[in-house]
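What follows is chain A paired twice: with chain B in the first complex and chain C in the second.
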Partner chain A sequence: MGAWEYYLVVLLVYLGTDLLAAWGLNLEFGVTGVANLGYIVTIAAGAYAYVICTLGSPASAGGFQEYVGGFGLPFPVALAAGIVAGSVVGVLIGVTGLKRLRQDYQAIAMLVVSLMAATVVTADTPFLNGNAGLVILPQFAPLSDQDPEVQRWVYVGIVAAVCVLGYLVLRRFTTGPIGRTLRAVRDDEYAAAAIGKDIVVLRLVVQAAGGALGGASGALLVAFIGGWSPGAWAYVETLALLTAVIVGGMGNDRGVSVGTFLIAILILQGVQFLNDVPALKAIEGLLNRPALTQDLGWIVLGTLTILFIWFRPQGILPERRPKYGGIRG
Partner chain B sequence: MGSSSGPILEVRDLVKHYGGVRAVDGISFAVERGTITGLIGPNGAGKSTALNVIAGFLPPDGGRVLLDGEDVTGQPMHRLARQGVVRTFQMARVFGGLTTIENLLVAAPAQLGETATGLIGGKRLWGGQESELIERAKEMLTAFGMRDKADEQARNLSGGQKRAVETMRALMARPKLLLLDEPMAGLSPSLSKQLEDLFLELTHDGLSMLLVEHSLDTVERLCTKVVVMAQGKVLAEGRMSELRTRREVQDAYVIG
Partner chain C sequence: MQLLIEAIGFGIASGAVIALGAVGFSVQFGMSNVLNITYGALMTLGAYIGLFLIDRGISPWAALAIAGVVVGAASVAFNRGLLAPLVRRGTRAFAIVIVTVSAGVVLQYVIVVFAGPDAKSYGEQSGQTFHLLGMVLTASEVTIVVLAAALMLGLHLLLTRTTLGRAMRATASNRILAQSCGIATDRISDIAWMLSGMLCGAAGVALAITTVSFDFSLGAVFLIPMIAAAVLGGIGQPYGAMVGGLVVGVASELAAAFTNPAYREVVAFGILIVMLLVRPHGLFGAAWATRRLMA
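Our next item is the complex of A and B:
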């Protein structure tokens, strides 16, 4: 497998896992109006759950890293555990926002949860090996008798299959009567309550579904990259997903998919290549800012978010509603 | 369920304060089954606050609300709505991202597509019910002269149209008791007249209403009984024709 082919595999896995996550966040924020700034925690929960399910007991693995659990379970079971973990954590995050119905309070409460979770995992080393994070050894190999090249492509196939399934589940929530009801909750929660909608239950159901997508994303990602640590789920990662949702089109599943491709792949991966531009290297040297091109991705992201909120809040592909015929039919 | 002979709604000594403001200061009245009770009074009398407390939008500071003889005081809005108490807001609230017809459809009770089985089963399960709802919504839009606005995003409607959407939406929820806060405000005179006829027709089918309304002529035409509020208290109660001649009612309106 050449370097480019390997890179393509990496990009495809990133794209798939980012899509799952962005869909989940869009369901929560774009469709239902829950500004879950702690969404990355559901992804982290999925990843950690996958790791501790797939690893053997710490002692059997050589004792070089500390963690709870260690069940030595096969890939499909560990993936399922990741999905359940994401879902449960999603609901728990949702509970923090229930008391205060106002969206801005919710967003703040959930951001705090994200920061707290990272702090706890970092500080409590015996829990999930703290700041050093966990490494999966040996790494998951879908078809152990094949050579690595085939393995990687098979893994891309697995990610694609989960994405298809995830999209079907997502569409069940974002279309039809329930999709309509969730958007009503987003647009005016009091008016929705006045026609009998149980806002709290609806939001928690959405948090469970969105969290499940996040959990799947985290589990699939960690199985591929082979390790997970607090650095992988800083709260800013939620903002990258949020940008994908806003730029792509809040509430529009296809729009958000386009947004994810743009943000997660073209921009955040694209900036890596700026390292190869001599002029930029020279500027970095001049300014004594070696990480400038890395940071450029985030600068572009922030700018895009603001520009879209100002000039095109509906995003690239605006939300579209079904037509029932104005005059006849 | 409670008795079917007593009033559908009974309010006893209801109190609601905003800090030091006694917005609702111990009011009592009843709404009889299949009738429209008017709630009138000058601006700031506490009519909207009373409606908000009855509907479960605000918790009361005292008193009781009985629905069909059953105590429902302080129950949240969505639970009251499921028991047939549906309200509209003084400042019309529509679901701006949904179309006009969707604003109606979303209000239908017991939708299969909202249940777990509906989610799993998909359109096969709820498609039939949905088609019926669409037909009902279209009929209602036609009756309100808004059929051509069916697919318009609700946020783009005029103020009067939004108010009409809110009323239609409340009716789609199949209420047994409607709490309406100035539903005619901003509507064209012809639509107001149509709405009056519709309300009367609906009461013949057993619907009960508590109607906050500015136009005393409308109130006189629609309401069998009128409750006059001023400064958080019930000032008088009776038929509009009698009330017009009462001194304290006239005073309240002049002063307010």
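Our next item is the complex of A and C:
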């Protein structure tokens, strides 16, 4: 497999996992109006659940890393465990939104959950091997008798299949009666409650569904990259997904897909190629700063978010408002 | 027992810094009703301005004052240029929080681009220590506790004894009514953002003085204890934030002394979550409601 072909596989897997995560966040944030600044924790939960399900017991693996569990389960079971874990963690984060907190307080509470989870996992080494993270997963080989070039494309196919399934589930929530109810909760919580909608239950169901998408994203990603540590799920990672949602168009599934492609692939992967620009390479060498382009990536993302909220809060593809009997809703 | 008293000593020292930052955060929130996450990155900016000045031979205490003024000005510019226009257009609260988070990340990485990602230090502390009721504090920690107390007293006098303070309280409690009484609310708001930015910058330098080393995540890490202190004392209420700062500081150090030092921050996180869920209006919420200063 050539370097470029391999890179294409990497990009497609990243795109698929990022799409699942962005859809989940859009369901929570764009459609239901819960600014979940702790969304990355559901992805982390899915990834860790996958890892401890596939790894054997710590002793059997040589005991060089500590973790709970270690069940040596096959891929489909581990993926399902990741989805369940993401869902459960999503609900736990959502409990902070149970109280009628102001939206901004809710966002802060969820941000704190994200920071707290990272601190605890980092500090508590016996739990998930702390800061060093967990590595050397059993190689997932869906078609082990074939050559590795085909295997990688098979994995892309699996990710694509999960994406299609995820999209179908997502559309059950964002369109039709449920979608209209959720948008009503977002636009006027009290009016929705007054006509008999149970806000708390709706929000928790959405947190479970959004978390399941996050869990699937994390499990598929970790199976591909083969390791997971607290560095992979810093709270700023949620910002990258939020930027994708805001740039693409809050509440519009297709818009968010476009936004994910723009942010996760074009911009975040694009900045890596800045390393090849001779002038920038010279500056990096001069300052002795090899990670400069990554820092620039975060600056670009933050600036884009602010610019879009300022100039085009509805995003590239705005949410389509349904028409009721000729009156625009 | 000795461990307990020493932990309380550390707690008072770090609580004083938390209180400085939390009071600034509270003043800003009371005035604008915006939960400004950029505050943490502005604090980091203060610490790095301090580093820049100290590297050039300026004394830490002068650096603290200069960084305070610069961050104060930056804070006014940030409100005038970005937050106030967004609020005026009716941008929703969660979108504004996301703007402040994004602005914080941008500022943090701009600092990284200029100053580099590695840990910095203000250099050796003077060796002198004070023993007070069994607590051991360094000279600079004592100075910071005294300085924080003096700044709090100054703010108290400003808010209660001057016309400016009364105008600030009036603007915070009802902007439109204050405006119709002839108060130049925009200018009062600028002054509040200046004050809170100054406290923020000063807290950044004070924090960098008391820690062994720091990096670009200084403010982001410290933001949660500050918000926890502000919420504990009733957000928008400067006095509450002072008490909250001490409580969070002492509780964190006790947790660090008796459990895992890595759990120092978890205490502040826990206090914030529990407060938001149980008493979002703060510990003294009901009692303060009748004579609140800036809510």
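Here are some notes:
The criterion applied here is as follows: the second predicted complex is superposed on the first by the 313 of 329 C-alpha atoms of A that agree within 3 Å, B and C clash if a C-alpha of one lies under 4 Å from a C-alpha of the other, contacts with A are read in each partner's own complex, and residues count from 1 in each chain.
In this section, a contact is a pair of C-beta atoms (placed from the backbone, for glycine too) under 8 Å apart; a residue touches a chain by one contact, two chains touch by 3 or more.
Model, not experiment: these values are computed from the prediction.
When both complexes are superposed on chain A, chain B and chain C sit side by side without a clash.
When chain A is checked against chain B and against chain C, the one touching more of its residues turns out to be C. In the superposition on chain A, A:L301 contacts chain C only, with no contact to chain B. Of the two partner chains, chain C is the only one that A:R289 touches; chain B does not reach it.
In the superposed model, A:G176 makes contact with chain B only, not with chain C. In the superposition on chain A, contact is made by A:A191 with chain B only, not with chain C.
After overlaying the two complexes on the shared chain, residue contacts for A:V247 are found with neither chain B nor chain C.
Touch criterion met: A:I199 reaches chain B, while chain C stays clear of it. Between chain B and chain C, the shortest distance over C-alpha atoms in the superposed arrangement works out to 7 Å. By the touch criterion given at the top, residues 34-35, 37, 82, 86, 91-99, 101-106, 108-110, 112-113, 116-117, 224, 227, 260, 262-263, 265-266, 269-270, 272-273, 276-277, 280 of chain C touch chain A in their complex.
Across the complex, chain B is touched by residues 172-173, 176-178, 180-181, 183-184, 186-188, 190-199, 251, 319, 321-327 of chain A. Of all residues in chain B, only 55, 57, 76-78, 81-82, 86-89, 93-99, 101-103, 105-107, 109, 111-114, 118-120, 122-123, 126, 130, 134, 138, 147-153, 166, 169-170, 172-173 touch chain A in the complex they form.
Listing the residues of chain A that touch chain C in their complex gives 29, 33, 35, 37, 96, 98-99, 101-109, 111-113, 115-116, 119-120, 122-124, 236, 239, 242-243, 246, 287, 289, 291-292, 295-296, 298-299, 301-303, 305-306, 309-310, 313.
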